Structures are given as C-alpha cells and as structure tokens.
Amino acid sequence: MGESADNTRAKPSEAIAVDESGKPLSLIAMLFGPDRRGLVARVAGWIYDRGGNVLHADQHRDAEENVFFQRVEWTQPGELADLRNAAQAFSEMAREKLGMNCRVAISSDQPKVGALVSKIPNCLQDVAYRWKRHELPGKLVCVISNHQDLSQFCQSVALPFHHVESTKEKKPASEQAMLRILQEYKLDLLVLARYMQILSPDFLGTIGIPVINVHHSFLPAFPGSRPYHQAYARGVKVIGATAHYVTAELDSGPIIAQDVARITHRHTVSDLIRRGQDLERSVFAQAIRSHLENRVLVYNNKTVVFD
Amino acid sequence: MGESADNTRAKPSEAIAVDESGKPLSLIAMLFGPDRRGLVARVAGWIYDRGGNVLHADQHRDAEENVFFQRVEWTQPGELADLRNAAQAFSEMAREKLGMNCRVAISSDQPKVGALVSKIPNCLQDVAYRWKRHELPGKLVCVISNHQDLSQFCQSVALPFHHVESTKEKKPASEQAMLRILQEYKLDLLVLARYMQILSPDFLGTIGIPVINVHHSFLPAFPGSRPYHQAYARGVKVIGATAHYVTAELDSGPIIAQDVARITHRHTVSDLIRRGQDLERSVFAQAIRSHLENRVLVYNNKTVVFD
Amino acid sequence: MGESADNTRAKPSEAIAVDESGKPLSLIAMLFGPDRRGLVARVAGWIYDRGGNVLHADQHRDAEENVFFQRVEWTQPGELADLRNAAQAFSEMAREKLGMNCRVAISSDQPKVGALVSKIPNCLQDVAYRWKRHELPGKLVCVISNHQDLSQFCQSVALPFHHVESTKEKKPASEQAMLRILQEYKLDLLVLARYMQILSPDFLGTIGIPVINVHHSFLPAFPGSRPYHQAYARGVKVIGATAHYVTAELDSGPIIAQDVARITHRHTVSDLIRRGQDLERSVFAQAIRSHLENRVLVYNNKTVVFD
Amino acid sequence: MGESADNTRAKPSEAIAVDESGKPLSLIAMLFGPDRRGLVARVAGWIYDRGGNVLHADQHRDAEENVFFQRVEWTQPGELADLRNAAQAFSEMAREKLGMNCRVAISSDQPKVGALVSKIPNCLQDVAYRWKRHELPGKLVCVISNHQDLSQFCQSVALPFHHVESTKEKKPASEQAMLRILQEYKLDLLVLARYMQILSPDFLGTIGIPVINVHHSFLPAFPGSRPYHQAYARGVKVIGATAHYVTAELDSGPIIAQDVARITHRHTVSDLIRRGQDLERSVFAQAIRSHLENRVLVYNNKTVVFD
C-alpha cells in the first residue's frame, strides 16, 4: 500500500484530541466516484495504518450508474492540527489513488449558516430555537429578509437581521447587496426559511455555498406557488413538504428530505397550511441537520443521505 | 312538515327487519346540493316521523362552494319491501323538497363487482382473498383480462375468467366485447386491478357504472406509465399509490384514497415496485370498501369520503 | 315540540353578530348521553326553530355502551348577549328534555391557558410561538415552573413566569402556591409542557379545570419516567408521544392524541430523544387545539375527538 | 495479513459463477462481536486479497456495549464449490482472528420455510401468494395447523398441509408430532402465521431453527391475547403489529419489524381487527424477508436489521 508514504501515518501512541465537551474529535470523509474493486479495503487500510479507529462507515453503490458512495467517520491519535493534516492527506489519496470526489470534515467544525426569509415566521422561529437548544450542529449567524416583519423576532433571540428591499426592478442590486452581506459572514450554508422570491442563476452561480430550500408540497407534485391551494383543488388525500438544494431550475433541485400527512375533505385550505407547516418545519430541520452532519452526497440531481 | 303526506310515515309499532346474519337492516342515504338553512332538521325530522332511528350521520359543508353533503344511516320498522319504499320516498323528498342529489341504499344490498386485469397478479389476488374472507362488502363476480396469465389463479378461487384480446387495431371491438360481458353480469362497479390499457371515452361513456383504478404513484406526481421509474429518476424520498374514479382524462379522476411510504437512496427500482405493491393493495381495497359502503360522494372532480 | 316556549325562539329577521375579525359568531354544543330515537331531529329542530343554521354537525354512537355523542356548531341571529342566552337555553333543553350532558361555547370565547414546566424548553417554546402566530385558539397567560431555567425565555416572549420551588417535603405547600397563582389567572385549561413532577390527587381534585399532559411514549407502552431509555432497551422499531388528560392514576388518563415515528438500531438514546421531541411538540399542540376548539368529549376514560 | 495462508486466496483470473437467472453469485457475511481497531480493514482486506468485490457493506457499532456488527456482501471468482470453501474460510478467519460471531450465506441458497397456523387465514394467504409471486426469497414448503380450516386453501395453492391436533392435555405429544414433521422438511425457518397456541420452552429448545411470530399490537403495549380489544378499551389513537423472534418468554422476543396505523373513536373493535390485519401482513412479510435476506443480527434481546 504505497500511498502511505505521507507523514500522517500511524502514531498510535499519541492521545486522541477531544472537543470542548470532552468528546473525541473525529474525521468524517464523504467520497463518491466510479466503483472499482478494493475501494473499501483501501479506505479502511489507510485509516488503520494511521492508528485510526472507524466509528461509522456506510457505503452505497448505484448498480445502474456504477457509482460508489461512502461516508466514513473515524478517530485517530493527534491534535487538531494533526487531524487537519490527515484530512488533507486523505482527500488527496482519495482523489489521486482512488479517483474519487472527496471532502473531509472534522467533528469540531462549526459551520456558519445564514437564513433568507420573507414574512412567514414558522420555519425561522423553529430552526432558531433548535439552534438555541443545541438540536442542530453549526450555528445560525444571520438573517436577511426582503421585509421587516421578522426583525423583532430576530432581535428577541439576538440574531443579526438585515433588511434588503427587493422589487422586480431592483432585483440585481438586491441580490448584490445580499451577496455582500453573506460573504461578510463567511457562511458555509444558506437556508431559505420560506423565502418568497426566486433567486437568479447569477446569484446561485456566485454564492459558492450550498443553498437549501423548503417547499410546501411533496414535490414534484404542485411545484411553484400556492401548492396548498393546488392540493386542495386537486382533492388529494395527502399533503407534504420537501427540502431540497436550490438549483437554477425552480423547485427541481436534489431532494434531501420529504414528509407527508393525511388529510380529508374536511380540511380547508387554511387547515392544509397549518398542518403543512408542521411538515415544513420538521423536513427543513432534518435536511439542515443531514447536510451539516456531512451525510448528504449529490449526484445526477439526486441525493444519497446516509442516516 | 307537510312533506310527510306519503304513505311511508311512522309505523313504530312494527318490527325492524334483519338480514341473514341477524343484523337489523338499515337505510343509507347520500345527499349533496346547495346548502340552505334547515337541511339537517328536515332530514332528521323525516326519519323521526317514520319511526326511524339514526345510527350514524355525517355532514360536510364546502364553505367556498356553499355545497352541503350528508351521509345518514338509519333503521326503521318494516319489511325489506317497506324499506325499499322508504328509500324511494326519501330520495323523492330530498330531490323535490330539499333540492338535493340523493341516492339511498339498503344495508343488505350486495353490489356486484367485476375486475379488469392484465398480467400483474398483486391487486387481484389481494382483493379476491379479501372478498373470500368477507373483509369487503358486495361480491366479486367476474374477471376480464387482455392476457391469459391470471386465468389459472381465477380458476383456483372459482372466479369466472374471460379473456378478451386487446390490440391497438382491435381496441373498439375488444371494448365492445368487454361491455357485453360486463352487462351480462349486471355489475354495480368495475375495478381496474392493474389493467394496463387505457379505456376509451366511448367505453367509459357507455358502461354506466363507476370505475375505480389504482395508480402506482401519489398522484398528481408521476402520472402515466412507469411511475416507479420516474420516482427513482427524480430521487424522491416518498413513494405512493392512489385509487381514483376513472374519467376520460387519464389519471386525473377524483381521488378516493392515497397512501405513501418512505424510501431512501438504497432502494432500487425493483425495491420501489415491491414496496409500492403493498401500498397499491391497501389503497385499492380501501377505495373499494369506501365506495361499496356508500361513503363516497363526488363533486368538482374531488371526493367527500365519510369515514 | 313544546320545549320551545322559551324566549330564545326564532328571530330570523335579526342580523348575525360578528367577532372582531368580522367572522360570524357561532355556538358550539358538545353533548353526550344515553342514545335514544330522535336526538338528532330534536337538536336540529331546536336550532331551526330559532332561525339557526347548522355549520357543522358530527355524531358518534358507541354501539356497545349505547351512548350518543354530538358536536354541533351553528349561527343564529342576535347579539352576543342573545347568543349567551341561547347557549344557556340549549344546555337546559339538552339536559332536561334529552337527558344529555351538555356544554355550549361561543366561537369568540378566548379560553385562558396556563403552563407548568420544569427545565426542558422544547414544548413550551413551541406552543408559545404557535400562540404568537395565532395557530392556536385562546391565549397562554402564564407559566409556572419548579426551576428558573425557562424564566429568560418567558421574558423574551412577554409571558408572566412564576417560580415555585418544589421539593419532596414541600410538595403540599408548593401545590398550594401553584393553585393560588392559577386561580388568580382564572384559567380555563392547564397544560403540562414537560413538567417533571407528579401532581397529587389533592391538587387535581381542587384545580377544577382540565389538565393536559404530554408523555414521551406511545402509551400504554413505557409509562413512567425515561421512556426513551425503556424504548431503546426493548429494541422497538417505533417511538411515539401521547397527549392525554391528567387523572390521579399516573400516565393513564384519557388519550387525546398520539403520534409515532420509525426508528432503527442506528438510533442512540439521544437520537430517540431528539426525534421524539418533534412528536411531543406536534402531539401536544394538536391536543391543546382539539380541546380549545371544543372537539373533545371524555367518557369511560376514553375520548371522542371530533375532527 | 498472515491470515490469508489458506487456499481460498485470490484467483481473479477465474470467472464469477451465476445463479439460474444469470445473476452473479455473492457471499453474504453477518458478523458481530467486541469492537476493536481494524475490523473493517481486516474484513475488506481479506475479500480484496481473494479477488473479491464488495457489493454492499453495512456496519453498526453499539457505543454503549462496544459491540461491532457488520453485514458485507461480495462476489469473488470461482464456482459454487469455491464459494462454499470461501464462506467457510471467512467464518473461521472471523471467529479465530477477529473474535467475531459469524455466519456466511451464498446468494443462491434457497432456505426452506414452514408455517404454523390456526384458523385465521389472513397472514398465511398473504405470504403464500408473496412466495408464489417471487416477492420473498426461499420457499414455503409446508403448513402445520391445529385446525382443519386452512387445509382447503393450502390445497388450492399446492402447499403440503399437516393437521396436528393440540389440546391442553396432549400438548407435549402434539409438539413432538410437529417437531417430527418439521424435521422431515429440513426447515431453515419456522413462521407463526397467527398460530394461537403458546409453544413450550421444550419445543423452542429443540427445534434448532429461528421462529418468527407476528403479534397484533405495537409491543410492548398490549401483550398476550386479544390486543385489539385491549387497545379499544384503552382508547389509544394508534394501533400496530409486531414481528419478532419467539423466545421462551411470551411476546418478549427480539423485535424485527413494527408498523402502526392511526385510528379514531369511530373505529369499533372489528374495524381495528380489519385495519390491523393489513399491518400484520406487511410486518410479517417484511420480517421474513429481512431474515431470509440475512439482514438480521440478534444481541441483548434486540435486533440489528440492515436495510
């Protein structure tokens, strides 16, 4: 196994570093690429050779496309700086020796998240309190809105709030303003907590970080606006919500999480909205969690979500 | 209450007739029409005046359309023939005095059901055994198929099986042949247990009885053929099945029942098919039951399903 | 129908009063008692005679116990004071003429709710924001806790917070103190938002209003404390949450709402806790809503929940 | 990696054998035991060294108990006989070198299943047709019943049916008779398709193969008999079904699969029975499938079910 000539190899005598809460630091690698014989052995061998101990490993193979996916989490001896080196060495090995796409995170990383909202408070309030209760990893560091409605809420939970007016004519300027704010915060993720504007391909092309949206229907049913009204008119017996990565094509990005609830003829449109909001909240939080825990891989406009 | 001049009025001294199993016979009325003050009182009063006793009553009001719906089930003294008279009198009262659409069934009625199938055995086998176990009301009296595959199964459960070849060129002739068979059996309901042909508007216009289909997706997502393949390609996290009345517009008739199941990236198309078949079976049986128990009203291409 | 000699009868010429938002005021009656012929007709007739219009009516009959249940909602002409009179007249008629238990509410009533909490913020934060977003009827007017942990949250949402220490020795005195506070607020409902103490039979006997608790298991499985630990140890594949009325017998009161989620061997106890909290929140809110919308009737330690 | 001195090592030049349908034969190993560093690497390395290709690998680590679980499926060059040798060599390596419990199956194995039934046809009919439709692996080879009721059904689907009378006094003799029949068929699995007798510890100690039962409640709620009646009396809003391995302690064996459905006050006991039977069928089939696909590991009276 010649790939181990790097300097990150096997120091089992050293101690394993811990985070602030005393939990051992771990490395989490997410890989995917063309399947070939020996991938599992190569990855496991690399870790073993460095004194590492696999905590979790999950593989998936898309037999039709012949693509291999892996999420592997391990501890290994050394300080945080050693782990950063190991993360880089692993990535290089995966890319160069295994021909895999790869990214590696360290469990103590605290990704920074920003939220875009309009007027509807439901999803923002829910995730803001989940973060306060430490139910979600990372941290929510700013909120941008095209309305003032949620400014008071943000103040009550000490969340920086930025109002950026957005009208049809001003859209490019608004998006520029938003981008400037987002970049100042050095975000790792942007979430749309019921943001009622369509982001331009330019914005999405520039932002450089993943964007997660929650849509209030079980996509691909009822895309676009007013899905609860559409569901009511069609007389469906099930409503849903979908969290997905945002792509240039509206409501068509890779789906991360979906949930549904049964309804009957007794439910009015406002009942659907109220019941649907419970789904939106839980699906949105679940997608954010899966993303921040490094459990989501995207390919072919679909996701592999390791649980 | 001047409408009670008819001869069906109040004979509380008489006994209540029973069916073969000793269960009291009941009348079940299904009404709908423009809402107006006093409908509930008029219906309840009519029944009370004839010595009747309401067993179940369920109302619904579509506030947007101002339409009133009711399902009411009651016993009243008299023999079966008296109940048939009462059913007719009630219908006339509902139509003439209340301006309502109305149909009235008697609990001992045994509606006759026919099934169209192609090759897939799943739904036919399931409902055939449900009827054998008396889990469904009415009875399944015949099966028609454009293939021979299910003939042996039908024989094993003593179900008359008719093969009617159906090719593109012969479609009108095939449908004529099918109609003749269906009419001989004097069916009350036709069910499509995974029938893989599209019925022509002509056929549907002529048949004169409701037709229930099961579609293997959570409509309106993935209409048409190969929905599991569509679902797999889109990367949804939920699959479903839908039972609906058949209308001339493909996969767009009023939805009676829907169910869904969660899936993950691990599920192949054949896993989706296998898991979906459980949904198809239960949704199909549930829709047939609701229909045969006189619980379904249709308006505006939607259903009211009283449970 | 001799019962209509009262002065609340038929003034259809008058206008129907509206609430602050312009919605017509309605009366909501909840009845139950021994079933007998003509109940539906008598209730509907009484309303009709007073110029009323039934908006919703829902009946249930427990065939084994021969008990009849009804929820009926109607508008009728007159001012709020007239409706209060009508409510009283209806109750008397129901009790005296029909032999039914009965209570009647008016749609503009705003029941006052208090919450008991300990340290866990999850359910309190959720319902507090639901009330702020007007997702729940009535209003939350005070919070009492045996700990200080949630005082700051209450302050941030302008909710009066009362700390009442509660140790084993001081329990009677603590409960007395709590009762005094609750009575000052003239509450209509007390909700236990993860309150980790057992209320004494004395307290429950004195309080004089319904008490709703949320328990973090699908009762009757895993009653008592640490149900997620019990569920983990037993290896179940489903966890749940239950909202129920509190009775003197621990975790055994009438169940109002339950929900469940699937789990796998991968979920640790802390995963169960986190996932379960989503269930707790939605089940708790749903039970409070059903109660405050006058949809719940209790008999034989079970509930009828009209939806 | 000195463990590879055996003669099963690396013949990548040979072809991979296929089963009757042309699908490549694979080996499936199920391991569990004390966790230690390097397990994943050792297993993957062993397979790689023999020219194998991992198709699926799934790990689990119980952090509390420090137990490691793995299911790994791979192809490797050679004929069926070579694969049998490889299976044995792998087992020995896992036991001796890794200190793991281990069993290895080959994908073309067709485990033989027997069913015990009483009078209720529901589950037997469902699985019999699932096997006929090739929805389940292995094959159902015999049915034993303490009643004659299902003999005709078995005949209609060409399933050998054995009637073994079982009264309280005769129980030991009956169980002996059953054991003799089961042993003649050389079964790999026994399933109780609503068998209404309790099997004695003696029987369970002697039979030597796993036994799967389906119980009609969401255990541990409502163990014992008449769970639907218990559920109705308690007023729960959810019913369920549970498939579990049978142990000497009634209804307390390791749970393999559970499912639930919502109910309301409208559902009578017979509605619960009917709805529950849908759950029983799907949970029973799912547990049998998971077991026969070698996805279930048992420890501490719980299961790890790899999906």
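Some observations on this one:
The first chain written gets the first letter, and so on, giving A, B, C and D; residue counts start at 1 in each chain.
Just so we're on the same page, contacts are C-beta pairs under 8 Å (C-beta built on N, C-alpha and C of every residue); 3 or more make two chains touch, one makes a residue touch a chain.
Note that the coordinates shown come from a computational prediction; the quantities given were computed from them, not determined experimentally.
Shared contact partners of chain B and chain C, listed by label: A, D. When the C-beta contacts at C-D and at B-D are tallied, the pair with the greater total is C-D.
Comparing the CA-atom centres of all chains against that of chain B, the greatest distance is found for A.
In this assembly, the C-alpha centroid of chain C lies 44 Å from the C-alpha centroid of chain D. Taking each chain's centre as the average of its CA atoms, chain B and chain D sit 38 Å apart. Contact with two or more other chains is made by residues 262, 264, 266, 307 of chain A. Looking at the complex, you find that chain B touches chain A at residues 60, 63-64, 218-222, 234-238, 240, 254-260, 264-266, 268, 300-305, 307. Partner chain B is touched in their complex by these residues of chain C: 37-41, 44-45, 47-48, 51-59, 61, 262.
Across the interface of their complex, chain A is touched by residues 121-122, 125-126, 129, 133, 135, 156-157, 264, 266, 274, 277-278, 282, 307 of chain C.
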